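Per-chain residue numbering starts at 1, and chain names A, B and C are given in the order in which the chains are listed.
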Amino acid sequence: MRPDDDARRQARGGPFDGYHRRMVPPPDPELTQVGPGTPCGEYLRRFWQPVAFARDLSATPLRVRILGEDLVVFRDRSGRTGVLHLHCAHRGTSLEFGIPVERGIRCCYHGWVFDVDGRCLETPGQPSGSRLSERIWQGAYPTHEFSGLVFAYLGRPDRRPAFPIYDSFDVPGYRLMPAAKFALPCHWLQVKDNSMDPVHTAFLHALSSGYQFTEAFGVVPELDWLPTQAGMVYVATRRVGDLVWVRVCDFMPPNVHQFTREFEDATEAKPASRPVVIRWAVPNDDDQTTNFELAQVDPAWGLTAEQVAQPGFGQSDDRPYAERQRHPADFDAQSSQRRIAVHALEHLGAADRGVIMLRRIVRDGIRAVARGDDPQCAHWPDGTVIRTFTQDAVFRIPPAPDPEADRRLLRRTGRSVIDENRA
Amino acid sequence: MRPDDDARRQARGGPFDGYHRRMVPPPDPELTQVGPGTPCGEYLRRFWQPVAFARDLSATPLRVRILGEDLVVFRDRSGRTGVLHLHCAHRGTSLEFGIPVERGIRCCYHGWVFDVDGRCLETPGQPSGSRLSERIWQGAYPTHEFSGLVFAYLGRPDRRPAFPIYDSFDVPGYRLMPAAKFALPCHWLQVKDNSMDPVHTAFLHALSSGYQFTEAFGVVPELDWLPTQAGMVYVATRRVGDLVWVRVCDFMPPNVHQFTREFEDATEAKPASRPVVIRWAVPNDDDQTTNFELAQVDPAWGLTAEQVAQPGFGQSDDRPYAERQRHPADFDAQSSQRRIAVHALEHLGAADRGVIMLRRIVRDGIRAVARGDDPQCAHWPDGTVIRTFTQDAVFRIPPAPDPEADRRLLRRTGRSVIDENRA
Amino acid sequence: MRPDDDARRQARGGPFDGYHRRMVPPPDPELTQVGPGTPCGEYLRRFWQPVAFARDLSATPLRVRILGEDLVVFRDRSGRTGVLHLHCAHRGTSLEFGIPVERGIRCCYHGWVFDVDGRCLETPGQPSGSRLSERIWQGAYPTHEFSGLVFAYLGRPDRRPAFPIYDSFDVPGYRLMPAAKFALPCHWLQVKDNSMDPVHTAFLHALSSGYQFTEAFGVVPELDWLPTQAGMVYVATRRVGDLVWVRVCDFMPPNVHQFTREFEDATEAKPASRPVVIRWAVPNDDDQTTNFELAQVDPAWGLTAEQVAQPGFGQSDDRPYAERQRHPADFDAQSSQRRIAVHALEHLGAADRGVIMLRRIVRDGIRAVARGDDPQCAHWPDGTVIRTFTQDAVFRIPPAPDPEADRRLLRRTGRSVIDENRA
């Protein structure tokens, strides 16, 4: 066999062919860069992004890095939130050492004061009568505070959308509360891929490492993915004896998803339950992401704000490596797909259809922005409450006579949950 | 409004215009690179630079990084100090693991010995009769030990200046002692900017974070900056009732400044007091700086050498972040102006005139070296004792009838301190 | 003197000429890059390389970095070892979080299973009937387990050699045991240079830092280096009164060497003793190296496996810096020759002849591979037991009448050990 033949054979794949497949191409630049002026960075900037929990704003400001920009978040003494460029317009000292005042923030170094819109209000070291402050502006972004989360809009000012209202913000009987914040040392899109990938709940969270949720999760469900007005959903339908459990999760572009609590055990028929968690995956940089969560909480659960703020099991880097190896969870599976996952090396199958759809929505949005249009789901008519479908519903439906027919039945039952709602 | 108009309006500055001002240009390369062969690096190399305190030279050598070069500093057993390139001329092993011997230092790996001038004295592993050592030189720099500080000259050998003698080295009644050494993770010039920026004493050290010095510092003084033969001074003059307090500090290019102790409370008239601290800001690299201090100490203070060697409050990275946020000090204000401050983003005012003058002196020196000349203040006539002006003086001078006239009076009083001395 | 003259004089070397010799050229790219597709990287890949000790393979896999590639090493439940590319062929999750199963390893994220040859055995999330797995291969390398060490072959599949058998694997009366593993933060070649550099045993391990071995090591020996079929040897011959002590060590390209225990005190005549240590210096990256050792152990020593697995004194980064400065050892001398030693700055003498020969063997091998040939020592005839010479032998031979004659006598005695064996 000539070396050429060997190379050709190996390129198709074969035993012990690591030598022929060891080169790692760079990540897709269109999808994976988030800094100012990058295609994906400009796309993400067309949406309000959470930058801090209000609970973390105290007498001192909070330094954050969002989309590759260094920022300071603070609440001034009249209660307004500000998001400013980190470095003072005067000589660059970080405003993380600044002092929030009645109106805006004062830089520690020479006492200059900036309002939350960036206006310079005082330059006290200057000679009396100086009009220097009139031409000084600190870079600032508009903010919006909602349910204990501070959002900022970092995009083109003339395309700023209204803050979107999801129907899941208001679920009767539940209280929307600020929940967990946790970081992953990897690109945001691989964190989000996970949201439309229900197969992993059967493996990562059940068979691979012991049952992290309920035993019912240990069955690979009948799967479906559907576009919605808000973005897309997955529908995962499992048979549990005479019951059929339909689990639906939403992805809302560009980087939001929501899911129900992971404690459904599907032991009795019940209508759609929607105590959702809503999660934003905000890029700090190309290879670092912070998740911010809001959660619908049943007051009957008796949880304190501190308890609601705890990340779920295995979501954050809070376990020793040896334990993460024995019982891997979301943090481990997602952050270990390289710092920035390389799509060119993937082998996607039918079960990855949701991931493919999600990435298509993101790429379409990036290209819309690049050609001067608005991306999908950025702008909504005034007063819109955006319809989402996240739920657990359990129906009493006896099995069909044969496995193939039952699969069709499960699939039909799953879709009906969306169709009803869409009707 | 068309997008173009929007962009143009934002470029002038306006509310919430962070999007239009988020790009960060690179630092000025002429002013901010310190490595071998760079403009500023060659300028700084035309002066003696402190590289270590003698108190840190023991039976083992000291590894340092100065101006982007890895060096070893040691004292041999006959008492001479040596500053050599870190890596042995033989096969590169670090001389930080070498053994100071009677004459020079012996590399641990194969026992080669180098004198403090770099001459190779022994290559013991070689066959007897070998003359290999005669053609071996370890890179070496001349040293000068003064008041417990070891200085080296890293510049062009044929332009080596005499070691400069400042008048402040000898203040009657005080003893010049080795004082603190502390590092800042940032460029040296932003550390030095601070020296000609007296406004910050009113804010950073008083109003912003509580009174770190005396209450008298909490008034923005009448300010003046003047060129001197040694470099430049600032003159900060404050009225305290019937008293006028004149504080003067010197900047001696390229990277030295001196100041009085920060405990003047200006409660009575007194002649010029000069218990100065002299501080060199030596670049380790473009974005790391070590301050070395000598201090005039009154024996009556009863301070031990260890106490004199302690950095002042907030000068070094020795406080927890939360405390630094509540009570920011010099370390925080200076090191947070980015790792390397970006002058193109600054907005300087009248109170920054000293910073502008200081940078002009540095830039003029850089350009002088670049065109083959000597920079200002490098060479002095033999026997020169260089005149400096650092002092606190308090005069009993009742206020002028109106604020404007009093400001003129303060200014005149401040200048008189320099004129008298210059006369 | 004109500056030009000055520059020219300094280039030849002279006192305090650090300024003229401060520029550090890059390392030799031919010799010092180890990643996929680099000249030296492809050379090293033509040999079996140790990647892990079997003792470190447990119920969880082991993540390693070898020659710039991220790999996972594991033992499946049927006892076979596997070395696979770290990131799962599906969506890239690290197989360090995978679960070894009866046949191969299962990815934690979606349960895909790969056999030790890379074949995909299951893609459980896919629809029933899916034939996706048939076209999926995980990058895999062949493995060979020997004496508690797992070796892998990362080179061109069609040039895979048989695993080489050294005569030192079987020494009567001794037991070959897995020994130490320890890392150095530097390039592999400077770690290996040390193996053919017997002069350092007199300095680094004796005179420089106190006697780490026996006192007999404190004499610079009569030195010789000879090519052998297995690679090369050094012969270090010392006179100890009426005795002559011959110490021989082998270098077996590309990155193996062996040596005797360092406790010879040469107090009586004795035949060749061969309780060797065999050490592979495996590059993790260009500037990080892991040493793997096998050791011949005399059962009479009563050592536990844990004791045999301990690195020797000063071999690893297990001592505080202050102690390493006072008593430097191999780790310090080798790893401080820069992260990657710069040969262009070296000054080699007669005592470095072994280093020069070793590097020549490596460079010849690199060039052989580059032009399509096999490198020296990669392929051996079937059944070859490779002859090596590592030993301590002590002869009773009274000194010759004068020092020069005695040196010739020592040299002759040293060579005789090799000649006898080669005969």
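Following the convention adopted for this analysis, a residue touches a chain if its C-beta (ideal position, glycine included) is under 8 Å from a C-beta of that chain, and two chains touch if they have at least 3 such contacts.
A quick note: this is a predicted structure, and the numbers were derived from the prediction, not measured.
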- Are the two sides of the chain A and chain B contact the same residues or different ones, given that same means over half of the numbers occur on both copies? different
- Query: In degrees and to the nearest 5, what turn takes the CA positions of chain B onto those of chain C?
  - Reply: 120
- Item | chain A-chain B separation of Cα centroids, rounded to whole Å | 47
- Query: What positions in chain A touch 2 or more of the other chains?
  - Reply: none
- Note on the structure: The answer for chain A against chain B in the complex is residues 36-37, 45, 59-61, 69, 83-85, 87, 89-94, 96-97, 99, 106, 108-111, 117-119, 123-127, 130, 132, 135-137, 139-142, 154-158
- Item | Sites on chain B touched by chain A in the complex | 1, 3, 6, 10, 13-23, 190, 193, 197, 199-200, 202-204, 207-209, 220, 322, 324-326, 328, 332-334, 336-338, 341-342, 345-352, 355
